[in-house]
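Take a look at this one; I'll ask things after.
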Amino acid sequence: MTSAKDRIVKRAVQEIENGMNVNLGIGIPTLVANEIPSDYQVLLQSENGLLGIGPYPLETEIDPDLINAGKETVTTVAGASFFDSADSFAMIRGGHIDIAILGGMEVSEQGDLANWMIPGKMVKGMGGAMDLVQGAKRVIVVMEHVSKYGESKIKKTCTLPLTGQKVVHRLITELAVFDFTEQGMVLMEVAPHVTVAEIREKTEANFTLSENLKIVT
Amino acid sequence: MTSAKDRIVKRAVQEIENGMNVNLGIGIPTLVANEIPSDYQVLLQSENGLLGIGPYPLETEIDPDLINAGKETVTTVAGASFFDSADSFAMIRGGHIDIAILGGMEVSEQGDLANWMIPGKMVKGMGGAMDLVQGAKRVIVVMEHVSKYGESKIKKTCTLPLTGQKVVHRLITELAVFDFTEQGMVLMEVAPHVTVAEIREKTEANFTLSENLKIVT
Amino acid sequence: MNKTEKTIHEILKGLKDDSTILVGGFGLCGIPEVAIEAICRSGAKNLTVVSNNCGVDDWGLGLLLANKQIKKMISSYVGENKIFEQQLLSGQLEVELTPQGTLAERIRAGGAGIPAFYTATGVGTPVAEGKPVKVYEGKDYIEERAIVGDFTFVKAWKADKLGNLVYRKTARNFNPIMATAGKITIAEVEEIVEVGELNPDEIHTPAVFVQHVILGDSSKKRIEKRTTRTEGVAG
Amino acid sequence: MNKTEKTIHEILKGLKDDSTILVGGFGLCGIPEVAIEAICRSGAKNLTVVSNNCGVDDWGLGLLLANKQIKKMISSYVGENKIFEQQLLSGQLEVELTPQGTLAERIRAGGAGIPAFYTATGVGTPVAEGKPVKVYEGKDYIEERAIVGDFTFVKAWKADKLGNLVYRKTARNFNPIMATAGKITIAEVEEIVEVGELNPDEIHTPAVFVQHVILGDSSKKRIEKRTTRTEGVAG
């Protein structure tokens, strides 16, 4: 039995098509990079000014001048380019990134996303998340379906301060895949051996079933 | 006896100090470049994306990819850099050019400048002039004092559509040098053998005399 | 992901009448010559063309004018050619004159997802007519709007097959910002190299902005004003 | 015009209490280390510091925090260090959190003479509070204002003596835009070359933006998160 994280990552990578320019957030999204088919030519963007992130360096390749947005040492792939922070966010804000995959704390049935602050806790900042959710052509949120207290993280309305309003295109959890459409939130896929009833039970938000409801593969 | 143009150029070049970054407009201002003392390190900016214009090329040096804002073939000096048009005008608009020297059709006593269109005639466009007059730290206009019909080009109010409102810091003609201050237009220098009376006669605008009125050298 | 596979003619099948196109270059320097000739042959009509200038009578965008394909020009300086003047005076051609820096910034804004910005350029001039004015720290500024194009045609020096671009000298001009502001961007280049051959620190336009790369003919570059000095004269 | 003649200590005599300073870098990558240590020694107080992050406890801007020189931080992500949290909670330190792209664009606008611009980033979030909203083509945008600094401290790879700069890899980050937005810009570099040695097509920051160049010590560059793979593993 694979973990919830593994299942999310396995499903999320299917969003990425050959030739795409992709931004992966910190946490679960970063793990998606390892699962991209090796015959795909995908350029991974890093907000700090790199298009074409490569794998982590060998011990001998480490370069303090070459990090990703998570501040980890990385390498570059052939065809990579460097640019400054204004150009990096021109790329993001201007709609040139095909997909951004981000983690979430809460998603509402309107497609609102909250993933940057918890009132009462030290607020570390939103980094580039608010720019990414507004700018990327497609915003995919990946998160576990319920909190560690068993509460649904998919809400009628977010209780936490927002990162963006009506910005999520697709939500992937270990149990289900939802799309956010003009007609509201739609259940597109259910994980194997999971029932719609179970998903309804674990989801505070209202959703309808897609005409083409499928099993996650 | 030197021509009006020559006298204007000879006076205008005195505005340029060693180490300055300077933008010279088309026409009389371009001629100023040749008079900059050879021991000065001055970087000439060209709106199309060059800081560090050099002299015209030798026949063997001509490069179609290297022109100035007047579309003339040029060369570069050591320490020159190329950039795109947005960066070029970021440099101009952001106040990083020490002096812009431009030609004029009319200047008003408020320091308004008109130099881009004559109603009824084909309008070719303002190019970068409107950006330069707003952005350069210091805007110097060089022009002949009166039109070919003997009319003063220094007006109470410009009759031609403006390039910029209250943008001129200094006006240099073959007869005089004026500054535009909080207290209005002030005559700073008069050309040798020219009287203040003659200048008053040829100047529609009102002006006062500087406490330090000098002879142009 | 080889962006060099389509010919300009195949690409231009997507160019419809009434499109807005952005065309790089300053005067005749750094213009996508091969692409412009192909647009001529494509016959697309009623184009709105955003370009700093409009070529000369028999070269550059002047070819599209002569072919009556342009409905409107958005430029900072035009009229280096007679056909332009004739079409303008006869009402066949519309022109929106924009200060050069404002034009550059509007295009950059279009590519950067900035719908509007404020600038002092043009305050108190005919350029300000009809535009919102706002005061910041006691000074007037006018609001200017972003420009985006259906197609962008740029000229670069080198490209790799992924679409990373490097420009040469002042042929850079409007090209990099226009590359960011087209829904489809076509780069015409003098040399195509393998992926990995360009130094990532020296790439001016990252591949993400470029959809197609075509090879141009570098021999034609025309010079508008050939100015020279003679040996021994420095100025 | 040799911009390498003053020491950082001579330059910092001009840095007054209550100044706003811009400091380049992302995390600990591409930060002006020598300049930061010199600001520490200068003792300038009540500084407003604009920087994407605020260093760690014993390095980078964390040194200024520990020395209680910072009144306010304008950043997109902070709190990688304990001192920051303590000072914030005790009310000694103020923080203005700004989305990273908005921060970058505000700095670029400051350098480019654009007083304000509109962006969708932050609409409907706490970031939008108190900011003017405007609708363009049916979508809401908020107005964001430019940032300029009294002093800017950037880190580049190479400079020539005139102040032209070249950056290396992701150490570029906020440095080029900050260089344009300081009244006085100091570039700390790893190597100083003669004027003419840098290729004009490859210069990232033209000399006009830089007032002083100082030589740094490239041996200290600290790594925040050392992540590696083992031989033979690609991902």
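Order of writing sets the chain letters: A, B, C and D. Residues in each chain are counted from 1.
Throughout what follows, a contact is a pair of C-beta atoms (placed from the backbone, for glycine too) under 8 Å apart; a residue touches a chain by one contact, two chains touch by 3 or more.
Just so we're clear, the structure is a prediction, and the values are computed from it rather than from any experiment.
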item: Required minimum of steps from subunit A to subunit B, each step between chains that touch; value: 2
item: Reference subunit D; chain at largest CA-centroid distance; value: B
item: Pair sharing more residue contacts (C-beta pairs) when A-D is set against A-C; value: A-D
item: Centre-to-centre distance between subunit C and subunit B (centres being mean Cα positions), rounded to whole Å; value: 28
item: Distance between chain centroids, defined by C-alpha means - subunit B, subunit D (Å); value: 36
item: Shared-contact residues (touching 2 or more other chains) in subunit A; value: 76, 82-83, 89, 92-93, 134-135
item: Subunit D: positions in contact with at least two other chains; value: 105, 108, 112-114, 119-120, 167-169, 172, 200-201
item: All touching chain pairs, where touch follows the definition stated at the start; value: A-C, A-D, B-C, B-D, C-D
item: Residue numbers on subunit C that touch subunit D, as the complex places them; value: 105, 109, 112-120, 134, 136-137, 139, 141, 145, 166-169, 172, 200-202
item: Residue numbers on subunit B that touch subunit D, as the complex places them; value: 18-19, 21, 41, 43, 45, 51-52, 76, 78-83, 89-97, 134-135
item: Subunit B - residues contacting subunit C, complex; value: 33-34, 38, 46-50, 55-59, 62-74, 82-86, 88-89, 92-93, 112, 117, 122-131, 134-135, 161-166
item: Residues on subunit D engaged by subunit B in the complex (per definition of touch); value: 1, 108, 110-114, 160, 162, 164, 180-181, 195-196, 198, 200-201, 203, 206-209
item: Subunit C residues touching subunit B - in the complex, by the definition given at the top; value: 26-30, 52, 75-80, 85, 88-89, 97, 99-105, 107-108, 119-127, 157, 167-177, 204, 221-231, 233-235
